[in-house]
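Below you'll find a set of structures to go through.
The two complexes that follow have subunit A in common; it is paired with subunit B in the first and with subunit C in the second.
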Partner chain A sequence: MSVANAIEVEDLRRTFTRRAPNTLTRMFSRQRPKGGSNAKEAGCGDSGKRPAALVAVDGITFDIRVGEIFGLLGPNGAGKTTTIKMLCTLLEPTLGTARVAGFDIVREPARVRASLGTVLSGERSLYWKLTGRENLEYFAALYDVEPSTARERIRELLDRFELADKANELVERYSTGMRQRLSIARALLANPPVLLLDEPTAGLDPQSARNLREVVRELKGEGHTILLTTHYMAEADELSDRIAIIDHGKVIALDTPAVLKHHIQQMHSVEVETDRAPNGILDELRSLPLVRGVECVQSGNGYETWTIRVLTENSRQTLDALLDLLRAGGERVLNLRVAEPTLEDVFIALTGKSLRY
Partner chain B sequence: MVNRFGADRFGGWLRRQFRVIGAIARKDLLIFLRYPANALMSVVEPIMWLAPAYFMGQGFSVDGRAIGFEGFAGTSDYFSFVMIGMFMSSYISTAFWGTGFSVQEDMTLGVLEPNWVTPASRVSLVIGRSVIMFLLTTLNSIGVLVVGAALFHVNLTGNVLAAVITMLPMLIALTGLGLGIAGMVLSVRRAGTAIDISNWVVTQLSGTTFPVSVLPRPLLAVALALPTTYGFDAVRSILLGTKTMLPVKVEIGIMLASTVGMCAAGYAVFKVFERRCRRQGLLGTH
Partner chain C sequence: MSRTIRCTARVFLAAARRDFLITTRYADFVVGMLVWPILMPSLTVFAAKALAGPDGAGLSAFAERTGTTDYVGFVFAGMVLWMWLNMVLWSVGGELRAEQRRGTLESNWMTPAPRLAMLLGSGLNQMIVSVMPVFASLAVCSAAWGVRFAATPLVCLVFLVSTIAMFGMALAFASLVLFLKELNAAVFFLRGVFMVFCGLTSPLAVLPPWMRAVSRALPLTYSIDLVRRLSLAGASYADVSRDFWVLTAFAAGLMAAGCLAFLVVDRAVRRNGTLGQY
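Entry: the complex of A and B
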């Protein structure tokens, strides 16, 4: 391993074998097999039947430099968590290799885990019937932190994450944000060189998420290497030194946020707010000349409005055709804005679809 | 890094395992004590199960002696026979439910993965769960024995210390069994019914409530293949003076040999299933 790299991933692949549902399940299940899964499917048996295997991670390769925040960005089911689970040795790769702090994830799993602090997504990862302090004391033993050091370390972490006042309360009485802070404190108990943070701000209110992002920046300042998975564009943009965009288990772009955005800087993002779902015209919008991508999401403003986002090489030439199509479809335009491209636009340009589905 | 992983001498390694096991025992005890009603019921429940055996024994006794039973077991004290059987079978249940099932409990609570991403040995993480379970079972069973003695006139005449020492290899063997079951639970997941049936078969065929000599030949063959049968037989012989199937020393020898065998087999089974789970990606599912 290069000394400059904290994590090296080479051609990592993970395939899940699907079991055929048994007769009873088939009899009582009303669900029909659905298409459109975000993960790639492989090894189709008989035509029209469920594929025999699901490719969750499809030959990804990247290095993470020491002291870097590396964002793994992609929609749900893109393969982010599977990658994290392979790196923290919960899951074995089907093919390929990866090294964490110089240790091979298959041949030296215990040493890999000793080099890592891992925060997995999901707030039930703590013992709710123990206090915050008792949780940290328990995990300090599992991380082999010397008892004499552990007490001081736990005090430091409780202070740092503003949990000292609630340290002796049961975790079941904590808010989601407090539980997430305690999970990060747990990952830092042994002060590991590498941190894996799987969707650390998922489910947090905006203030808690902002505070947590500040913590992540501080951890980088202290020299930790951080692999962060997220499906929030702004978060990846704000925190990451480099970003790998992952979709269908493949890394489809990898660079700094600035370079990724620069690639599509010649483009414009046109946002149109309408008063109802623009059913039926999205495909027509996609087929307009110069248009590179279209997404449509329900606005999160509390009103029943929809935002259509069109990535185009020339907004002036696209606007007329765009408005004509909307009027012809009976849409009422409430708002219109031409903006600089964001990472979201990068994703749309690369995949032709939105992250938020 | 604050942790000292890599300072690898056997003494250091062993100390780390004991620290992990101790931390798990403390954690489980704290959680147990935070459900006081459950703790109380764990004492009441065995007495509830024992009461019918007592009254049934009384119903079949003549002048307080179960004459027919004495012909098979070598003691006319049916209730003391059952009481010791219940006491010992509670350890088997602990191995199945406490140790083996603990991984399913952790999966359901969502804490299996956070435990398993630490550098602690996964075998120690499972064995740690059994330590406090066995301790609680012991305290619980002693409580039941005391209450049983007060309510139902249990009469133990033998050397209790010798009986306890005789039981120790069986407890170690059961820890190995629990480890193997934990491995299977990892893979099978919803294993409650299978564990319930297996637990019932092993406890009953070991002779919890009857001498195994009453069993028909095919079932007797199964009973004699269970090391726990010899443990029950030897301990009852020491405490009640019952007839044994083999000389007590031979039965203890069988238990010692099975201790090594069951620990090795439990470890191997656990490692096989743990690897299988990592390969198939079953750890985060339940």
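Entry: the complex of A and C
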């Protein structure tokens, strides 16, 4: 491993064999086997008669430099969490190799785990019937922190994450934000050089999410290398030194946020607000000349409105055709705006779809 | 003491402390633990009293088969030991299943701590917690029925060796939990087998020959028999040495097999990615 790289991932692949449901399950199941997962089907997917393979991670390669925040960005089911689970040795790769802090994830799993602090998504990774302090004391023993050092370290972390006042309360009484902070404190107990943070702000209120992003920046300032997965564009843009965009288990772009956005800077993003869901015209919009991507989301403004976002190489040439199509479809245009491209537009340009579907 | 051994010991004790704290925060569990071991043997004792006849004439037949007329002590020794070893037997797998359900298993296994130490620490807590009902049961037995158990060092050693044997089986069950998730049916089956074949409330002599053959293949049979002979019938080491070494061989073999099974399954679940599934 190069000394400049904290994590090296080479052609990593993970396939899951899906068992076919047995006869009884099929008889009593009302649901037909569904397709449409983000991950790819491989092998023989014969509607439940034979096992099919699900390719969750499909030959990804990237390096993470020491001291950088590396964002792994992709929609749900893109392969982000599977990648994290392989890196923290909970899951073995089907093919390929990866090294964390110079240690091979398959051959030296204990050393990899000793070099890592991992926060997986979800808030059930702590013991709710233990207090915050008891949780940290327990995990300090698991991370082989000497008892004398552990006491001081736990006190520091409780202070740092503003949990000192609630340290002796059961975790079941904590808010979601407090539990997330405690999870990060747990990951920092042994002061590991590399941190894996899987969707750290998922489910947090805006203020807690902002505070947590500040913590991530501080951790980078202290020299930690951070792999951050998220499906929040703004978060990845704000925090990451470099971003890998992952979709269907493959890395489809990897660069700094600025360079990724620069690639589509000559494009425009046209946002149209309508008063109802645009039925059936999105495909027509996609087929317009110069249009590189279209997404539609329900507006989060408390009103029943929808925002159609069209990424085009030239907004002046697209606007007329766009408005004609909307009117022909019976849509009422409430608002229209031409904006500079964002990281979200990068994703749309690369995949033709939104992150939030 | 080397750093590895110290680290393993710390993990072992930390896991035991964690489970002890969690256990004691569920008040109903503590009440259940104390009441059940008193009620259950009493059931059989009253049945035995009825079967012995109004003047206890049936006791001579019982003494002929068991070597003691103290049927209350006989029943309590069998039932209490069965319940205690049962708790140890299901402790590791049960705790692993609880971790899967809580969602804490992965956060434990992402640490560099030895997993066997974590699991056995859970078992240690269960063993410590389950000693409470054993004492409660023996105290009631002594106060209400006047039974006196001889707690000699050899009896304690039999307890220890029995525990090692049960931990070995517990690890094998824990391995199955990782693969199969729900094991209630298997647990109840094995519990029933132990109950019927190990001579809990009756001497092995009353079992048909084929059942006696099966009972000799179960370590709990030796544990119960040894405790009865040593603490109730006043047997010496010379009287029980053969059975004691059979039990010790069981303990060594089961512990080795349990550890091996767990290590193999640990690797397998990382390969197939089913660790966190529940």
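General remarks:
Rule of thumb we're sticking to: the second predicted complex is superposed on the first by the 350 of 357 C-alpha atoms of A that agree within 3 Å, B and C clash if a C-alpha of one lies under 4 Å from a C-alpha of the other, contacts with A are read in each partner's own complex, and residues count from 1 in each chain.
Criterion: a residue touches a chain if its C-beta (ideal position, glycine included) is under 8 Å from a C-beta of that chain, and two chains touch if they have at least 3 such contacts.
Since the model is a prediction, treat every value here as computed from it, not as a measurement.
If you put the two complexes together on subunit A, you find that subunit B and subunit C bump into each other. Of the two partner chains placed by the overlay, subunit B and subunit C both lie in contact with A:C88.
Judged by the touch definition given at the top, the superposed model places A:N211 against neither subunit B nor subunit C. Once chain A of one complex is fitted onto chain A of the other, the partner contacts of A:Q317 are absent, as it touches neither subunit B nor subunit C.
With both complexes superposed, B is the one of subunit B and subunit C in contact with more subunit A residues.
By the touch criterion stated above, A:N191 is placed in contact with subunit B alone, subunit C being left untouched. Contacts of A:T97 after superposition: neither subunit B nor subunit C is touched.
Of the two partner chains placed by superposition, subunit B and subunit C are both touched by A:A114. In the superposition on chain A, A:Y138 contacts both subunit B and subunit C.
When the two complexes are overlaid on their common chain A, residue A:T149 makes contact with subunit B while staying clear of subunit C. Touching of subunit A by both subunit B and subunit C, each in its own complex, is seen for residues 14, 16-17, 85, 88-92, 110-111, 113-114, 116, 118, 120, 122, 124-127, 129-130, 134, 137-139, 141-144, 147, 170, 186. Against subunit A, the residues of subunit C that register as touching in their complex are 7, 10-11, 13-15, 17-18, 21-22, 25-26, 102-104, 106-113, 118, 270-273, 275-276.
Note for the complex: subunit A touches subunit C at residues 14, 16-17, 85, 88-92, 110-111, 113-114, 116, 118, 120, 122, 124-130, 134, 137-139, 141-144, 147, 170, 186. Note for the complex: subunit B touches subunit A at residues 1-6, 16, 19-20, 22-24, 26-27, 30-31, 34-35, 109-111, 113-121, 125, 275, 278-281, 283-284. Subunit A meets subunit B in the complex at residues 14, 16-17, 82, 85, 88-92, 110-111, 113-116, 118, 120, 122, 124-127, 129-130, 134, 137-139, 141-147, 149, 153, 170, 183, 186, 189-193.
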